[in-house]
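Presented sequentially are two complexes of chain A, the first with chain B as partner and the second with chain C.
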Partner chain A sequence: MSRQTRLPAAASSHPLTTLPLPAQLNLWLQGSRCCVEVGQRVLKHQLLAQADNEFGAAVHAPTSGHIRAIGPLPQALPDAPLRDGLQLQPDGQDEALPLQANTDWPALSPLALAIRLQDMGVMGQHGPLLPLAWAAAAPPPALLIINAVENEPFLQADSTLLREQAAAVADAMAMLGRILQPARLVLAIQQEQGAAINALRSLAASQSWQLEVIQAPYPAGDDAPLLQSLARPEESSNSLCLPLAGVYAAGRAILHGEPCISRIVTVSGAVKQPQNILALLGSPVADLLACAGLPPQRHAIVHGGGLRGFALPDTAIGIHQHSHCLLALADQAELIAQPCVRCGDCASICPSQLQPQELYWHCSQQQLEQAQHWRLADCSQCGLCSAVCPSQLPLLDTFRQASQQLLLAEQQQSAADAARQRHRFRQFRLERDKQEKAQRLAERAAQQAAKLAQQQAAAPSSTEPAAVVADKQAAIAAAMARAAERQQQRPDTAPSASTSERDAAIAANRQATIDAAMARAAARKAAQDAAKAAAADSPANNSAAPGLNQQQQALIQAAMQRASAQKTAATANSPAAMDEDKKALIAAAMARAAAQKAARDAGEQEK
Partner chain B sequence: MTLVLRLLLLWLAIWLLGKILRSSALKLRPAAASLPPLAERIDALLPQTQCGQCGHAGCQPYAQALARGEDSINRCPPGGEDGIRKLAALLHTDYLPFAADAPPQKPKAVALIDEATCIGCTLCIQACPVDAILGSAKQMHTVLADECTGCELCLAPCPVDCISMRPATSLPADWRWGYPVIAIKAVKPGTAA
Partner chain C sequence: MMSTPLIRLAPTLASRNRQQLLALLPAIAILFWQLGPQLLLALLLATVSALLADGLGLALRRQAIWPVLRQGDAVLSAVLLTLLLPTATLPLLCMCTGAAILLLRQLFGGSGSSLFHPVAGGLLLAGLWLPASLPHANLPLTLALLAGGLWLLWRGLLRWQAPLGLVLVVLIALPVGSGWLLGQSALWLLAGWVMSDGSSTPITPRGRLIYGQAAGMLCISLVTLTTSPDAGVTLAASLLLLSATAPLLDKLTLSPGRRT
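Showing the complex of A and B:
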């Protein structure tokens, strides 16, 4: 319904009236959690819901009555989606809790002020009047703008507020100026709001704020263009723009302790008496329209200004803090969108210098990338293109939908990126845990092996180190192998020897074997004795071990020497097993040869 | 003489042009080479629910299979048809409708643990691909709704069936403008203006 083309002829200011108490209030719990129960009686100003998140605000009872329902209710939003709401049935007594004015307000920090405003249910454009994140960072703003500009058709709520409550607004601005300490405090107002300007001029002279009169046409009153036009270059990055209704409510909340329970709504259009109505939050739209006198014809009920408003499907919906205007528009004949005729009116009126007809084409084809290329992000959604379009194309609605799709896509992308990061970190963590476990197991196995070796070392079989034992055993084995070899090779090595000679050799060999066995037995006995002594004495007897080892080694050496000497006597040429033995073997062979020769000579002499 | 000079100048100009073109080509080529690998670019398009509905162990293995040409682009239900279009555009293939054996698409949901029923077995914690479940042995578990991708992998291991999928919460920030449609109004005789 944003394609309304009939604009008001003259901005004649309507009177302010107060809405009689409605039969039912439908409150929107915007980002807040209910703290009352169904059936409970509540008093005026009683807290009904507490802010649930950073962007929510508390809700207070606008009047005394009973809670009838808590749950999803249609809200004054496009298409009236179901949102958490609360139905309050007034009892007509309007019994109020006593208001507690805060006298300590000059000592508040910006963050404390923001939190108190949230608790008092004072809303700005998006969430609490002062964004909590901004207040927590809280640099004193270089420029604080109170936005009272109303240049969208039909809007008069802010002008009425200024006209009726100029002193209260001035107090609220002084309060904000004192706590937030802006370098410059400006009240922006439109040239056409004459009565309000007159009411303010006398006040502004004695106050610390300036009055800026804007002459540029719609949409110069939006926050972004206003900041652009009013902020000096050095101020542009550190400025804040607050809506007038919120500032007034903040003044009531901080200076008088009164939570935000009502607001001024302009009711205009095809009603009998267009007027500004001071209505409690949650008042049904139907009541406001009836107050202004709705003719019996069928009407489209538009929530919002003449360019940005949207149609409400139902008039039982309650108003909320952002409801500044209600329009009853006589249902025009069928509004049928015709094809674009490329007249270019939208492009020439667009304040952001876009090409709405191109944008519309891409948005309606769901080609969001192309729409981005045509700078959809720069669209301020002012609705002028829809208003001038001769084909009555739903340009504004299309751009709103496409912009939100873009936003949604961005959010999805960032969520996907976060999920990817978390998943990869999980994989990394699992891998790291596996490696750490393997390392732990290896360390434990090594520790157990070391413990086992220690136990073996402490056992009686050997006091000497394992290497020495191995050496000894190897030497013994080698000696035995050599002996066996010698026994086998003997018949081959001395085939020509006589029987007596062989007998003598066998006897000598046997003697050598016995000697070696005795040496081994002696060595073993000595080792056992030493171990027994070590076990009997104490573990402190370790110094004896090397000595014993040496003794054993000496015994083994002796046995080996004996064996080799015996080998010298017995065999001719045994193959060299080890390199270091080679020289000894050669010497032994030479000795054997000499001995054999001597024996042969002796044999010949005997013959 | 002038002819020779002209030819020389022409040759010089051609040589200079060649040099410039060559250097610019060399400069531009690394830009193409510095693109991330194909599997990474495919992975960037996938919705990262890590749900395994494509038959792979996660989004990255599916992306790698796609990059090798071993799987088709129509196997990712969370990505939706939009995801198939994006993959088709990246891989220079035709759009394919969803595979007949692919699981159906579902709206985004997050897991919710019934805290009264949970016995603290940690099986769901081990199943969660994005570590979105908190808890420890014999202690109550809970789902971090912001981190939950709605993969439903925690549903199967739960021995007491205390996990259910709930639609994502409806905050005012989640509200969307509808696609503009022109409402058809019933004309009642006698009420028309």
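Showing the complex of A and C:
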């Protein structure tokens, strides 16, 4: 079965129009924290929400108006789940903050660029356009692909963008090339996007990037197949694929200082005049459909292209940065799925060489482990299996739901792990405090007893003052050790405030989740090492000098504390473990406890 | 909320069955020319009994009747059995059609899970009562069936691995003296319309090829080693026997594939 011939031919390109200002905007705060209040008036381009994790992006006001509500809103995702959202009522004045174009952009580092794009609300496929972890760690990429391929039926947004804004896209690519310094910069486009190819050919000749025309059928425009087909073997491990709309928005954000507040959406299907609409983010779906002329009878509204699209139950939902396309379909009778007749067509068409019929069986039986065995993770959710299934089984929907369930389970697992870690640390902290208190009390009692003995033995002798002096020295040494230890820890607990390290600190904080495991392992190892060292030292000391008195013990203990604190601090400061403060504290405390215990044991043995 | 697929890249089940019936039209025309209006009566009665049996089975299983009947599985089975069995004995035809559908399709849980194809089963059932006379080769009917099969192949509706395996084995076994099998219309009917059915054959291409070859070998051994005169019944028996191995073949040939 040849896929190429069976996919409907691309329709002629629709005109580009601009959506009139909607009466309400429903914005999605994706991984971001709101920094405005209900009732507040905001200006166009004003920051509404700031990214609060690695995968979020800032949200800016698409126009001036009043904030009407902040809270969970249905979003344009499969099954329209409630997610953090914000309702903005435009006041029609479109009063904007002045845009501040940065002229210093050539000096930006990749990480600084990634952070600035995140702050400008420019999103890629998942989260910010440039993944922060990637930008922080990576050497210059060997291959950077700008993905403008649209071979899913009905999609035209990227082609329209290229046709209308070819020069701006070229500028944005030149900017990315300048900062990221990829060895090869490629704009991937499909054979059928003829007008866009012509617009680009003349530009590509004078620029540092190449134009690659893809001829393979759907889903060759997905990131993974595109990387596979364009990357040379030596480049494949170090290449990145960016969506065209994001690259264009990045160009606007960096070169003109304009945050990402709009996008082009293809509106097609059973509308009077299919067209590409430049719409503000958050514009209700109903407005876009009305702009293209939706006939009055009932329609099923689909968000996304012809194969991946999913139904939207509600037309008040606002569009977001991934809304390429909206389709209106004449309402059909609900289809009744027939049982699988084992025709095997889904397996022969699957681009990932999966066995969708097996996968479907396990997913619909909620056997997610079996589904993972049948490589649910490799499903690119292209929708071809659903489109060829003669029994009209909802394969794509089932795979989507199962993947989401797996993702949810994973998140819950990691949350549970974090909670368990917190609980262990708390128990350990309580235990440590108790021990320290007991030790302090014992020390004080010993000191008082010594003082009492000194007073009682009124007669001065040559040996007693020496003992007192040694006692004092031990106390001073212990205090100094504690102070040194505190000093060792301070740079870790207080975040560095110097401006040159700000970016790195931000990235480090955002990377905390990634590095937590590594740091935990490092801290555990350090603690084990310290305990081992203490255990190895004490018996040696005991055997070498059986007559050690209390003061010498204290000196040894202080020295051991200092050594273990230094060791932990060194481990925590090493670049491999960037999540430092808490872990280092844990490790130092554990080391201290281990050393104390060892010393106490030694003392007991001595007695 | 399940979303409807916007774009269909392959025909639905009902349309598939319609096209398979369409591919049988030349063969029906040839038989009509040879037998006369008796064929139409047989077709009608067989179809009615098949629909009744299917409806009865669905009602007993408390399933919705109409959505399944309109897929056309029952009609296709009835037409195939009419073409395979002699039209002179109408009660036998009706009984075998109904019994096969009731026992082999509905009892197993519907069209998706019938491990044994009802047409092959019905043919075997009828074979018990059929007179043991050597059937003559019907060349025009064979050619019409071949044309219909090729049309299905061109439309991409025929899963060709199993029929190809069968025909290959028959061709290789020509020295044994099984060449007369190729002239039998039953062979082509079973190869094109029964062996290409997914639910009674393995699902992987390799499994289907093995299935077809094994069916061919079994059929030829039965035909040459015993004195069974009817190629159709023998082939139906071997198909039913091998359908039982389909789950095993699936297990052997199906793998999740390479992890990426």
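Assorted remarks:
Simple rule for what comes next: the second predicted complex is superposed on the first by the 391 of 607 C-alpha atoms of A that agree within 3 Å, B and C clash if a C-alpha of one lies under 4 Å from a C-alpha of the other, contacts with A are read in each partner's own complex, and residues count from 1 in each chain.
Note that in this section a contact is a pair of C-beta atoms (placed from the backbone, for glycine too) under 8 Å apart; a residue touches a chain by one contact, two chains touch by 3 or more.
These numbers come from a predicted model, not from an experiment.
Contacts of A:A166 after superposition: neither chain B nor chain C is touched. Of the two partners chain B and chain C, more chain A residues are in touch with C. Contacts of A:G309 after superposition: chain C is touched, whereas chain B is not reached.
Contacts of A:A347 after superposition: chain C is touched, whereas chain B is not reached. Within the superposed three-chain model, A:G383 lies in touch with chain C and out of touch with chain B [touch as defined at top]. Contact with both chain B and chain C is seen for A:D79 once the two complexes are overlaid on the shared chain.
In the superposition on chain A, A:P394 makes contact with both chain B and chain C. When both complexes are overlaid on chain A, the residue A:I145 reaches neither chain B nor chain C. By the touch criterion stated above, A:Q338 is placed in contact with chain C alone, chain B being left untouched. Applying the stated touch rule to the two superposed structures, the overlap between the chain B and chain C interfaces on chain A comprises residues 79, 335-336, 394, 397. Partner chain C is touched in their complex by these residues of chain A: 1, 3, 6-8, 79, 153-154, 300, 302, 306-307, 309-311, 313, 327, 329, 332, 335-336, 338-345, 347-349, 352-355, 357-358, 373-375, 378, 383-384, 386-392, 394, 396-397. Within the complex formed with chain A, the residues of chain B that make contact are 43, 46-50, 58-60, 129-132, 147, 149, 170-173, 175-180, 182, 191-193.
Contacts from chain C toward chain A in the complex involve residues 1-13, 15-16, 64, 67-68, 71, 110-113, 156, 159, 197-199, 201, 203-205, 254, 256-260. The touching residues of chain A, when paired with chain B in their complex, are 30-31, 53, 55, 77-79, 81, 83, 297-298, 330-331, 335-337, 394, 397-398, 400-401, 404-405, 408, 412, 415-420, 422-426, 429.
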